[in-house]
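In what follows, subunit A forms one complex with subunit B and a second complex with subunit C.
Entry: the complex of A and B
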C-alpha cells in the first residue's frame, strides 16, 4: 500500500506542496476501521459512522452524479465543492464529470487514509483541496455538496463553512441565493430532522408572497426575524 | 367555521412584552373570563414574566418562550434546514396544540409569526399580511395605528384597547390586577422596617429612556419638601440597573439637607416583583414616570402621581383606575417618538417643577383638601389631569380648567366616535359628553367647522355607489391637507372588508354628530369662563394641551 499512498502524494506534491506536507505528517483518524464492502472495495467506518455503502461504494458515489443537485449544477456551469472526502469515492466520481471539483476535508488524516486506499493520480489535477472558507472567494460559482456522513463527523466544521458562505451574502440576497441554488433541498439529506422541510417550496412561497402562510414559511420568516432583531 | 360554545373555548393570549405590559393585559384576561365563562384561558409570555403571570387568578395555564434562547438554539444547528428543524422542535409545545381562539397583543413581527404558527380556529391581533411584509389587524386597531401619526388626537388607553380583543361590550374591571398574599405583605413590612414615617411616599426614579426620566435633582427637591413640610417618609424603589440614579438622587438630597439621606429607605434593586408589589401596597403615594412600577402600583390600588414627559403620553398609557394624578409636559414636539434622539437636552423633563409635583403630591396625600396648582403655575406647557373611569374605560380629565384647543376637541370627537366603532354597544350620549366638559371654557374653533364640512362630504361619498378606487380617490381628495382627518381616511381606504367599511362610514356620522353637540354646547354657554377667555370661534393657542 505504500506505493499507492506515495504515488498519490507525489502527485499532490506537485500541485499543492503545503497540503502534501500536512498529509504526510497527519495521523489517520481515531477509531477508523477499514472493512471490505460486499463488492470487495474498501469501505470506512469512523467512530461508528459508516462513511460509504457497505454494499457497493462506487455505485453509491455514482448515484450522486445522477442527483438533481449535481445535474443542475452541471447544466449551470457550477463548481461542486464536496464537503467530506471519506475514502474519496464521491470526489473521484465528481472528477469524472467536472473539470474542477473543490474538496473540503477538515481532517488531513482522512486524506492520508484515502490516499492509502484509492488511486487519485488521474483525478488530482481536477481536484482542489480547500483549507479555509475564504478560499471560496476565488470560486464564486461554487456549490456546496455535503457528504452527509462526513457532515455528521465534522458538524462544527461544517457549520463554520456554511455560516461563512451565508455571511458572505447580504441577508436580502439570502432567498435569491437559495432560489438560484440547484437542488439545494438535498443539502438537508442526512442531517435534518425526522421530518425534512421542503425549503425550496417554502422559499418560493416567500418569493411569491401570496396565499396563506404555511408552517414552514412561517418558520423561515421567524428564523430571519430572530437573526435580524437579536431577540 | 365551526362555532364553539362560548363557555368551552380554549383560548390563548400572547403577551411577550415587559411586566408592565402584562399588568395592562389583566383587564383583558378578566374580560375573556366574563365573555367565555368556563373557558380554558392560557397565556404565552416571555420566560422572564412567568412569575408575574402565575399570580393571575384568571389564567388556567401559563406557557412561556425565551426568544433569545430560541435564537441561540437555531444558531447552534447546521445549515438553514437544521436551524428550521431546531426551531420547529423548540416550538413544538405550541405547534402541537390547537386553540379555538389565539389573541396576539404584540405588534412585533416575531410575535405575529409565533401567533401564526399556533393552530387556531380564530385569530385576533396583529398578524402578517399576504404580502409577507405588513402586519394586518382589526380595523379598529388600524384606526389606532393610523392615529399614531397624530398622537395628540389619541384618547384611548392601551388597557381599554386590549380589552376590545375580548369583544366584550363594557368595561370589565376597575383596574389592573396583581393579588397580594399575606406573605408578600409580611415581606414588605420586613423590608420597610419598623419605624416607618407616615405618609410614606415611594419614588421610582428610573425609566426606560432618558426622555421619560424626571431629573434626579428634581426628585431630591421634591423629597426635601415632603420630608420637611409633610413629615413624609421616602422610599426608593426600582431595578438594580437604576442604582446609579439612586446615588445621584442621594447626592443632591445631601446637598440640600445633609441629614436627609439617612432617613430615606433605599430598596432599589433589593426587591423581587412580588416584594415590590408588597412595598407599593404599603405606600400612601408613589411618584413615578411612565414605568412598569407605575402599573404595578395601580394594580395594588396605591395612589399615583405620574410625571409624563418626552414620548410618554398619559392618554395612551397613563395609570389605570380612578383618582391618580398626572402632570403631563406638553410642548410643540410632544409627545415625541422614543427613537427621536435628536433632542439634545430633553428640556421637557424640566418643565414639571418640584413645586408643581409637591403641590400635586400634597393634594393626593390630603385626599383633595389642599390647594391645587393654579393655571398660571402650570403655564402653557404642563397639564394636570386626574384619572377617572366611565363605562368604556379610563379617561384623564384636566383638574385645572382652561380653554379646549382645536386638537383637544378633535381628539374628543375621535374618542367618542371611535369608542362606538370599537364596541358597537357603546352609544353616543350627549349628556355624558357635556358632563365630561364640565369646568371648561366653551369654544368652537373655526377648524372644527372645516372638519365638520369635510366629514359630511365624506359621508356622502361613502353612500354613493362608486368603484372602490374612485371612492378612495375622492375621500383622499376631500380630506386634502387636513391632517386630523388622515387617520380615519387611511383606515377607510385600507379596510378590505365591506362590513367594516360600513362601520367606518357610521363612525364618520358619529364624528359629525359629536361635532354638532360640541357646537351647540359652545353656543349655549356664556363665554369668557374660568380663565376669562372671551373670543368665540377663535383658534386656541397652539401647543397648549389639555383635554377630556
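Entry: the complex of A and C
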C-alpha cells in the first residue's frame, strides 16, 4: 500500500515535477515536532512554537475562512496567496473555498512534513506552490495571506514576497480595470496579444518621456490617470 | 482640593499621591472606616469610572478641585457583586473570541492590548470572588452540583492563569489562543454559573 507521502507526491509529480523532486530530496525542518492535538489530528511545533492549534487545528483553519481578509479576497476576486504551509490545514481549508490557491513555502522540507501527515490528493489540483516571487506574474491578482507562525520562522522571505506583491499591485489593478471596460481589447491593438502587456512599465516609460505615444498608449495613460484619481 | 468621605471633610495634607489612582489607593488603605469599601467616586462633581484600567493615573492632583468618596459596607459590595457577577463574567467571556481570533490571525499588537485588559479584569474578578466568599461567609469547599466547589474552580483557574503567563513569555500566540478558547472559556462559564448558587447561600 502506497503511504500518504507517496500518494501526495505522486499527485504533485503530475502537476509540478520539479517541486516534487525537491520535496523528495528535502529534509524536514530542524526541531519540528509532530504532536497529537486534543481532537486527535496531528499538530506541529517548530522550536517549541505552535504552528497550529494544539486542540483543534481543523477548526482553527476554518476560522481563517471567516476572517475579514479572506472574505475581502473572495469579494474582490483575488486569489489567496498563503505564506507558510505548516502542516497544510489552512491551505486545505482555502482549497475548499477557492478555485485557485497559491502557496508560498520557503522550505521544501515543510512540504515534505505536511505531505507525510495530511491528505492533499483532492486539493492539489487547486494548489500552486510558488518558489520564487517572480512566479506571481503567471497568476491573477493575489492577496497575501500570512500564516503567522510561519512568518515568524521566515521573516526575511516574507518581506521579500510582500514587497514583490506590493510592487505588482498597481499593474494588477490597472489590468483588471481595463479588462472590465467594454471593448478594452481595441485599446491594445498593436501589442503582441500572446504576451501580457506591462501596463505599469508602459506608464512609467511615458512619464519619463521616452518616445512618442501611439493613440493606444495615450488612451491607456489617460485611463491610468483616471483610475488613480478615482481611487 | 476638597476631599470628603461619606460627607466628612478631610485635611488635604494628610492624603498622599500625585494622581487620582495614588490618592484613591492612599484613601482606601489609610483613611476608610473599618469594613467599608469605596462604592462611588465623585471627581469635581461628576461620577468617575475608569473606562480603561488605570485611567485614574492620567488625572493629576492639580486637576482635582473636589474628590468625594461614598462608601458601602463590605456586605453591600458583596451583594452587588453577587447580583452583577454573572453579567461581568459574561461580558468578559464575550471579549475572548475576538482576542483569540486576533492571536490566531497574527495581529499580536492589538491582541495583546485587549488581552492585557482582559487579564486585569480577570484578576480583579478573582480577587473580588475571594473577598466576597470571606465577607459573606460562603463555604469555599461546598460543592455546587456538577460544577464542583468554588475552591477547586479557583484552584484550576490559578493553574490556567500561570500557564497563560508561561506561554505568553514564550510568545507562542497560537497556544495562548488555544488555552483562552478551550480551557479558560469553559472555566469562566462554570464560575459564572456558580454565582447564583453562591448568592442563594447568603442570608
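Criterion: the second predicted complex is superposed on the first by the 163 of 231 C-alpha atoms of A that agree within 3 Å, B and C clash if a C-alpha of one lies under 4 Å from a C-alpha of the other, contacts with A are read in each partner's own complex, and residues count from 1 in each chain.
The working rule: a residue touches a chain if its C-beta (ideal position, glycine included) is under 8 Å from a C-beta of that chain, and two chains touch if they have at least 3 such contacts.
Please read these numbers as outputs of a predicted model, since none were measured by experiment.
Once the two complexes are laid over each other on the shared chain, residue contacts for A:52 go to subunit C alone; subunit B is not touched. Once the two complexes are overlaid on the shared chain, A:159 sits against subunit B while remaining clear of subunit C. Of the two partner chains, neither subunit B nor subunit C is touched by A:75. More residues of subunit A lie in touch with B than with the remaining chain of the pair subunit B and subunit C. When the two complexes are overlaid on their common chain A, residue A:40 makes contact with neither subunit B nor subunit C.
Of the two partner chains placed around the shared chain by superposition, subunit B and subunit C are both touched by A:151. Taken together, the two complexes place residues 151 of subunit A in contact with subunit B and also with subunit C.
Against subunit B, the residues of subunit A that register as touching in their complex are 151, 155, 158-159, 162, 166, 178, 185, 187-188, 191-193, 195-197, 199, 206, 209-213, 215-216, 218-223, 225-227, 229-231.
Listed in rising order, the residues of subunit C touching subunit A in the complex are 101, 104-106, 108, 170-175, 177-178, 181-182. Listed in rising order, the residues of subunit B touching subunit A in the complex are 67-68, 70-71, 74-75, 78-85, 87-89, 95, 108-110, 113-114, 116-117, 128, 130-133. Of all residues in subunit A, only 38, 48-56, 60, 63-64, 67, 69, 146, 148-149, 151 touch subunit C in the complex they form.
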